[in-house]
Structure formats: structure tokens, C-alpha cells
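In the two complexes that follow, chain A is the common piece, with chain B as its partner first and chain C second.
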Partner chain A sequence: MTDTDATIRGVLEALGRLPGTALRLKDHDDLYQNGLSSHASVNVMLGLEDAFDIEFPDSLLRRDTFQSVASIREALVSLGVTVDSQ
Partner chain B sequence: MTILIGIDVQPIDEVQDSIEKFGLRYVERLFTAQEVESCGGSSRIAAASLAGRFAAKEAVLKILDGGDVVPSWREIEVRRSTKGRPEIVLHGVAAEIAQRQGVEHLSVSLSHGGGIATAAVVAQINEQLIRANP
Partner chain C sequence: MSVEGFRQSLLAAGLLIDGGSPGVYHRSFSFESIVSGLEVYISSVAADEERRQFQFSPLIASSALVRSDYLALHPDLIGMISSYAGREADLPSLLAKVAAGEEWSELLSPTDLALCGAACHNLYPLLADAALAADSLLYEVQAVCFRHEPSNDPSRMQSFRMREFVYVGSESGALAHREQWLHRGTELMRRLGLSVDVVVANDPFFGRGGLLIGAGQREKERKFEMVTSITSESPGAIGSANYHEDHFGRVYNISQSDASVAHTACVGFGLERITLALLHQHGLDVDLWPAVVRDRVFSAR
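What follows is the complex of A and B.
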């Protein structure tokens, strides 16, 4: 797991209010099916902004942005976050 | 005339926690200045009222079908009418989707109790408006 992925999962663990641990989720597991609510996704977004020193524009405040760890990572890359290699 | 219904619930303590964690950054991401003002203003924000408004926004999103286009939360606004009743005002993308869907009128009812805020929204769909806005 890369540092970026670990940070994403750490934010999900802290703010996602998931019934299980985010640390065991696979990259493409559906976060909503795993218990992420719309309201919790707002907290995840704000937590990611703090963790990566970025700001999500309204255009990325969509359900599919927070669908999975992979889609979150993709959104971060689109905002200029450099994803470290394993 | 077709009727569509959207309903949603929001735990109030989750909103309270978010306000405590992220403050105005959280509030301003989700709510318009008018919504914040009607909930007590930014200095003493009432979590229960904001939770009801969030539930109302989610209830409206269950009615609007924009495909890949999803309105932002601030484009769905809950206001108080001059008679004190809550009403939905749509802006931007939300208004465009509603127009395409033929939404003629939205009614909203808010309630909270037992730590939960809830909102029910009823949309009147006018098929003639759909034909007028293909």
C-alpha cells in the first residue's frame, strides 16, 4: 500500500463512519455499499482536503468521486496530488 | 399530473460533530448563507435545523434525475416562506434538471426528534412542461 492509499484509508477510517474497518477494503470496493453515507462523504472530503492541502471544487462533489478508494485517488490526482509509487 | 416523493433522515449528532470538527468550512460547503442565517446564524448554528435541511437536500436529490450531472448541495436551498413554512428553492444545475423533468412544484416537510432529523419532499410533475423542455 502506498502512503497516499494509507492516508486515504486513514481518513475513511477516521471520518467515514463505516461499520467495518476501511483498512481492509479493496481499491474498487464500493464505499456506499460498505456503509458510507452522503453526509459522511462530506467529512471524508474535508478530511482529505486537510490531509493533502487541497480543495475539492464543486465539480468533484459527486457521489462517484467517493465511490471507492480508487476513485478518490483518481480525484486527488486530478487535483495535482502526486501519488507515490509502491 | 405525476407525483414523486423523496424522503431522507439525518442523525443530528453527526452534523454537530462535523460543525465541531470543521466549523464554517463544513457549513459553507453545504448550506447557503440564508440557510445558515435561518438556523441561527454562523455564531450559534443549530445542528438540528441544519440536519433537517441536509435531509431535505438529499430528499430532493432522490427526486431529481440528472444522470451523470449531480447538483451541489448549495443549489438546493431550504427557505422559510413569509408564512413560516419551509420551501425549496432550486438554483443552477438543480433548477435545470427540475425544469427538464417537468417539476412544477416542490413541497417539503421537516421534522426532528429522538436525535434524528427527517425531511419529506413531494414533487408535482407536469408532463406538458417535459414536452415543452425536451
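What follows is the complex of A and C.
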């Protein structure tokens, strides 16, 4: 797992209030179906901004941005976050 | 006619009187007669339904704002009530600040009260921590509501009346209620000669996080609005139909008769907005309105 992915999963674990652990989620598992609520997604959004020192533009403040670890990673990459190689 | 032009015409006709702050108006009794007529007209469509009816207080416990999450989601719309809880001996220093033009309101203390933001918000505390007495319950409620949204558009008043039909029960029942009442409500408004469309909408949740929650609300179609021209040709919402999932059931611990968490839905009508829409559509002189509209608004008793 890359550092970026580990950080994403760490934020989900700490702030996502998921019933199960975020660490075992696969890249494309639907986070909402795994228990991510709208309220928790806001905390996840803020946690990711803090962890990666970025700000999501309004255009990315959509449900599908936070649908999966993969979609979160994609959004971060579009904002200039470098995904470290393993 | 522009929004400001319409506002000036309402003031010139004496239908609304400037209340001294943006979005605050006094109403003439002519304006009020339309609102009263609409209360009866809207209520009459539910005449055959078994429901409990309440005129709720314009006040709500500030603890309810916390419990319902309204504080977290709409902190910018809240009206909290403060008062002076100090001693007589300390009052002169407050008044000295007033006289000196300094900030003095911090010397007031919050009470346990706030102004209510939506009519149904005072219903859920009444059902809290209990199981419903039946599979589902229907309520018709009205309240004076407050939202801190200063605006020069008369369709955005800070204090306004809302009448709602609220369902408490199962998920499928809540969705069916919303659909039925959205249809009924739209037809009710069209029968008043208003051109009404139904659109997916979202609440104005606070902040950037609010944009994300609002996007989710739209995507899941949790909110529909009945829109028409109110104070200009641009459409605005004269009512809305909301499915709350199990939000209020969970936070207020309201159970269905089978012990599962209750789902709720509400369809609400903004009485001042409908009144303004009628004045905008049919003119400021009620005597010149189409007879059929006048009859429906004023003769529904």
C-alpha cells in the first residue's frame, strides 16, 4: 500500500465512523455502502484536507468524490498530491 | 418587474410595512386575510384524514437545536434568545457601554430558548423516547418560523409561517406520504392559478461541508420543492417535500410499533410566499383576482 493510500485509510478509520475497519477496505469498495454517512463524509473531507494540506474545490464536493478509496485518491491526484510508489 | 420594484409596490399598497430590518415586515390585515384563507384552503384538503393538528409555539428549546443537529447544519440561520440575568448593581455598567456606543450584548446571557426554524421541529420532541401508538401517525402543524437570512427580497422574510403535513412511521409510508402530499400540494397551488413546477432541491447546509451534504441530499432526492414566480419571474420555492430517512427517529429515539427506528417525512407550505406569489400573479388588488381563485382562497371554510 502506498503512503497516500495508508493516509487515506487512516483518515477514514479515524473520522469515517465506519462499523468495520477502513484498513481492510478494497480500493473500489463503496464507502457509503460500508457505512459512511453524509455527516461523516464531511469530517473525512476536512481530515483529508488537513492530512494532505489541500483544499477540495466546490466542484469536487460531491458524493462520488468520497465514494471509494480509489475515487478519493483520484481527487487528491487531480489536486496535485503525489502518490508515492510502494 | 424587478424584485425591488415588486417590493416597493407592496409597500406602496400598504400590504407590507417595513419592519426596520431587512426581511422584517409588518402585514396589513388585507395581506393577513390571504394568509388566513390559505391556512383553511390548505387544511381543507386533508379534511378526510385522521390527523392531529397543532399550532406550535414560535419558540423551541435550544437543546432541541442541538439534538436535531440543526445547530451543526444551519448555525447561520439560528435565532437564540438572550436576556439579562445579572444583578441590578451591574446594570449601570451595561447601560454605560450602550451610551458609549460599545458592544453590550455580550453582557446578556443565553436563555434556554431559541426561535423555531421549521414547524415540524417542535413535533419530534413530543414523540421522543417512545414507541408510536400506531403503525404511523399524521400531523398537521403550523408555526411562526425564524431564519436569520436578511434580504431585500420579500420572499425571504426572517419571520414567516409554515404549515406542514408530517408523517411518522415506516420508511415506505414516509416516502408514500411525501409523494402523495407533493402531488396534492402542487395541485392545490395550481388551482390558485399559479404555474408550479416540481424540482429536486437541497437545504442550504452551512459551509463547504454543507455543499457536500447538500449534494448528497440532491443525489438521493431527499428534497423536492414546489417552485413558482414569487417576487420576480425567477422561480422560488413556495413549499417543499422532504424525506428525512431515520434522522429524527434516531436522534429523538422515536420507535415504530415494531421497535425499529421511525422514519419521517414532511410536506410544508410557506404561507407568506404563497401569498406573495398570488399577489405577483394576480395583482395587488384582491378584488380584481380571478373569481375562482378568490373563491378558493376566501371561501374554503
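Convention: the second predicted complex is superposed on the first by the 86 of 86 C-alpha atoms of A that agree within 3 Å, B and C clash if a C-alpha of one lies under 4 Å from a C-alpha of the other, contacts with A are read in each partner's own complex, and residues count from 1 in each chain.
In this text, a residue touches a chain if its C-beta (ideal position, glycine included) is under 8 Å from a C-beta of that chain, and two chains touch if they have at least 3 such contacts.
Because the structure is predicted, anything quoted here is derived from the model rather than measured.
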> If you stack the two complexes on chain A, which partner ends up touching A:Ala40: first (chain B), second (chain C), both, or neither?
Replying inline: first
>> Looking at A:Arg17 after the superposition, I want to know if it touches chain B, chain C, both of them or none. Which is it: first, second, both, neither?
In response: first
> Touching A:Leu61, do we find chain B (first), chain C (second), both, or neither?
Replying inline: both
>> Between chain B and chain C, whom does A:His28 touch in the aligned arrangement: first, second, both, or neither?
In response: neither
> Common interface residues of chain A with chain B and chain C?
Replying inline: 38-39, 42, 45-46, 58, 61-63
>> Applying the document's contact rule, which stretches of chain A touch chain B when the two form their complex?
In response: 15, 17, 38-40, 42-43, 45-46, 58, 61-63
> Once bound in the complex, which stretches of chain C touch chain A?
Replying inline: 69, 72, 208-209, 211-213, 215-217, 219
>> For the complex, give me every residue of chain A touching chain C.
In response: 38-39, 41-42, 45-46, 56, 58, 61-63, 66
> What does chain B use to touch chain A in their complex?
Replying inline: 10, 14-15, 18, 21-22, 25-26, 29-30, 54, 58, 70, 72-73
